[in-house]
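For reference, the structure is listed below as structure tokens.
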């Protein structure tokens, strides 16, 4: 029966809301995304993470030592200073530029019903104009 | 009949050609991509945008205030100057490097037959070695 | 029979191991990924490349003139210096930051049984903390 095929239904999808605490902050969201994958029951496929904002993005990087995230926040602030004679009147051009550099989506394989992250990898929401409540959309597509 | 399954056919795909006007220019292509999604009839899925060039990329960022795109063009020029003692003889190493930083593909969810962009998000072709005619490939995969 | 559907099986996937020779090195892996696509027999679909490391990433850029890769290695070293008062004690914060800038995944369309790269595009593993043996995961999803 074609109508019973899993491909005839929308892929499992959901949204996380997270609260950031600082203007610039890398927030580890790995556990919440991993739980959505486990809850979906999908054994093999792809997990897409999408940030629907223009001053926040997403990266995959080390979550073992929190100093790595702090160093990254500092390095991005040096690369793209908050004040640099921007035209945009809202005072957050640096936030938009940082978001363009890191990107708004991430793609992670699913294998054995789990996110197939590397040993040291975690998923981070990148807040560049907080503190705010941010949303993270997740879509889980079985093979 | 397996052969009538939507998964047995190639996903809807197409190509846009756009003309850029300056050496460095962020060009809003949201409307054209959104139309391809609507024309595909796909209700739920993923829209992939791919730039087959090495001196042009694609980002998702704010398209409400054109100053944001202008600030981003300026900031990238400061980060990666046009002349910096490069080896590559064609004089466009900066264009290649900027392309590597922003990336050549974007992934956007489709929901309710529409691109599921955030409220302020648009899709921009990033020209870094124009003016030229550039191509943008779009692939629309239903769930 | 639903169980005979290609969508009921995991998508073709595999892993490449590559050896890098320098601390910072863009390594062309196009031929190896193209071979995996050809071996999969998939005619139309998407090839996902994923790097499961936190100090190595992946980009798509020019592979005709090796000077482009060398210029990119130099430019990234200027943008993110090796020593800049980082907190992370392992001495490779620059490697993590560069990885966040270029990203850990790439998405390439498959058409006519081949990777649909642009004329001058190649796929590069970006080593930022070598020399090491690195892994590259590849997943090939038919339409």
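Lettered A, B and C in written order, each chain numbered from 1.
Rule of thumb we're sticking to: a residue touches a chain if its C-beta (ideal position, glycine included) is under 8 Å from a C-beta of that chain, and two chains touch if they have at least 3 such contacts.
Nothing here was measured: the structure is a model prediction, and the numbers come from that model.
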item: Angle (degrees, nearest 5) of the CA superposition of chain A onto chain C; value: 120
item: Numbering shared by both copies at the chain C-chain B contact, with half separating same from different; value: different
item: Approximate Å spacing (C-alpha centroids) for the pair chain B, chain C; value: 19
item: Where chain A touches two or more other chains, by residue; value: 5, 7, 79, 101, 103, 107
item: Complex contacts: residues of chain A adjacent to chain C; value: 4-7, 43-44, 46, 59-62, 65, 67-68, 70-72, 74-76, 78-79, 101-103, 106-109, 111, 116-121, 142-143
item: Of all residues in chain C, those that touch chain A in their complex; value: 2, 5, 7, 9-11, 13, 48, 50-54, 79-80, 84, 86-90, 93-94, 96-97, 99-101, 103-105, 107, 137, 139, 141
